[in-house]
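For reference, the structures are reproduced in the following blocks.
First subunit A sits with subunit B, and in the next complex the same chain sits with subunit C.
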Partner chain A sequence: MSSSNSANVGIVIVSHSPKIAEGAADMVRQMVGSAVPLAWTGGDVDGGLGTNVAGILEAIETAWSPAGVAVLVDLGGAETNSEMAVEMLAEDRRARVVVCNAPVVEGAVIAATESSGGSSLAAVKRSAEEFYA
Partner chain B sequence: MTLDRANREKLVRALAGTVIEHADELTSLDRAIGDGDHGLNMKRGFEAVLATLPDIADKSLPEMLKAIGMTLVMKVGGASGPLVGTFFMELGKALPEQPARADLVAATDRAINAVKARGRSEPGQKTLLDVLVPVQTVLANGGDARAIAAEAARAADRTAPMLAIRGRASFLGERSIGHMDPGSRSASLLIGAAVTTLEFEANT
Partner chain C sequence: MHDVNAGRAAEAFATLSASAVLVNPVGLHARPSVKLTQSAKGFAARIEFALTADGPWTDAKSPVKVMRVKAPQGATLHFRVTGPDGEAALAAMLALVRDGFGEA
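So, the complex of A and B:
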């Protein structure tokens, strides 16, 4: 759940599997080093496959950047729980967190690469989502 | 319908009890067309709700419902957490401390709309909305506890021939047809437990 100090857009990786989330985060680090605030979370509160809102909130906090945070998710529950987490943020932060409609591994790497160049949150989201287009 | 502290505790125990009792059934339904964790997830959530007794029943009905919703959101671990949790939280935001039927009709309408928004879904897509929406109609039309519970069970059954459009089951495409939606089943169990506990009378 590492992070780094940076003004660049933060990246949060949310997977049902903690191994996938951590592995995707490793791939992101390999690409961008510590230029981008990064955090991952995976698994339900008992450590089984799933996602949990508290873990996602913590990851958003860890990867927080004034430029905002892009959240990459795998399957449905990860998305629903991430959207729930975003709504539970303080109002001034809510508008600066986006859940991207992109594949979790590819999306995270592309988003982080975009962010490492100093791009805006909107540009980071767009790059991740273009992978699907 | 009067909801004193004893009734609120009874309601919490009934909701949690039915989910915990049917956890294996929910999991086996979910194994057929989902990821097989619905029973376990819902059980985890409602065990966490039970653990908040007796304090939670000291709260007013609206505050209690909000607290139940928040516990489910935080503990369930699948998409059902935010969906079912949002339903409870919105009911809590909308209901007065001693609701009449009209209050319940209005509050369930609001809660259903919140679930639709949360899941970006509509009835007919093989989700809990396929139970919530028809049951709300029976409630609005003055049905008693028996009529509401019966419609909940029938509505869950009616999800079997549906094609899943949302959630993990949608990955199966036409293979989702022929299996009851687990989220609809758990919704019908919760509704059945709630109306039976509250001894819902016609037109009250």
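So, the complex of A and C:
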């Protein structure tokens, strides 16, 4: 739970609902602690339900870590917009961001748990995706 | 040379085992599972646990697998640990369980 924050894989939570995204982030902070860079985004640009690429890019920036960033998404647009955001990143960063095929709340907690132990981006993704395995 | 050393290293780490009873009211639910895996990940040793002394064994460093066990209050967690820091790892696991993972 110490200071090695930025060395661990970052976690980004993307939901159509800002309340869900924020709530999932609260769960991560309370259950896993603060040893993991974390950011959330939700809602469209008008404040309605949805996701937007700019918000996702900003969240990735906030949670950025040299170890990479794992993105947890809920439905359809959250995934396609996240993939679009990843494509818009600088080339050297693009390879260090993954969108996980995992449930957004559970996946975020598990991914953060894995990350807090200093695991690699691949291990973080694998662990989150164990939910659907 | 390397092979000899590797052989010695493997021999040096006996598997340690011990058990503790889950005391916290909700058992090994999400939050304790996270604490258990976080603590386990701090050790190099292989750490596994089971609800009986014969297994099946669960990797204590895998949060998803630990949660799937759904161990209830009163269950006995049997640990087996192998590695260079095995003793400390086992002590840490037992302390967590006995303290109810810091929950009231």
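The criterion applied here is as follows: the second predicted complex is superposed on the first by the 128 of 133 C-alpha atoms of A that agree within 3 Å, B and C clash if a C-alpha of one lies under 4 Å from a C-alpha of the other, contacts with A are read in each partner's own complex, and residues count from 1 in each chain.
Methods note: contacts are C-beta pairs under 8 Å (C-beta built on N, C-alpha and C of every residue); 3 or more make two chains touch, one makes a residue touch a chain.
As the structure is a computational prediction, the values presented were derived from the model and not from experiment.
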item: Room on subunit A for both subunit B and subunit C (clash or fit); value: fit
item: If touched residues of subunit A are counted for subunit B and for subunit C, the larger one; value: B
item: Which of subunit B and subunit C A:Ser6 touches, first, second, both or neither; value: neither
item: Contacts of A:Thr62 with subunit B and subunit C, given as first, second, both or neither; value: neither
item: First, second, both or neither for A:Leu75, with subunit B first and subunit C second; value: first
item: Touched partner set for A:Leu49, first subunit B, second subunit C, both or neither; value: first
item: Partner chain in contact with A:Ser17 - subunit B first, subunit C second, else both or neither; value: neither
item: Contacts of A:Gly118 with subunit B and subunit C, given as first, second, both or neither; value: second
item: Where subunit B and subunit C come nearest after superposition, their Cα distance in Å; value: 26
item: Residues on subunit A engaged by subunit B in the complex (per definition of touch); value: 16, 44-46, 48-54, 75-77, 79-81, 83-84
item: Residues of subunit A that touch subunit C when the two form their complex; value: 31-33, 109-110, 113-114, 116-119, 127, 130-131
item: Subunit A-touching residues of subunit B, taken from the complex the two chains share; value: 35, 37, 40-41, 44, 73-83, 85-86, 118-119, 166-168
item: List of subunit C residues in touch with subunit A within their complex; value: 30-31, 34, 37-38, 41-42, 61-65
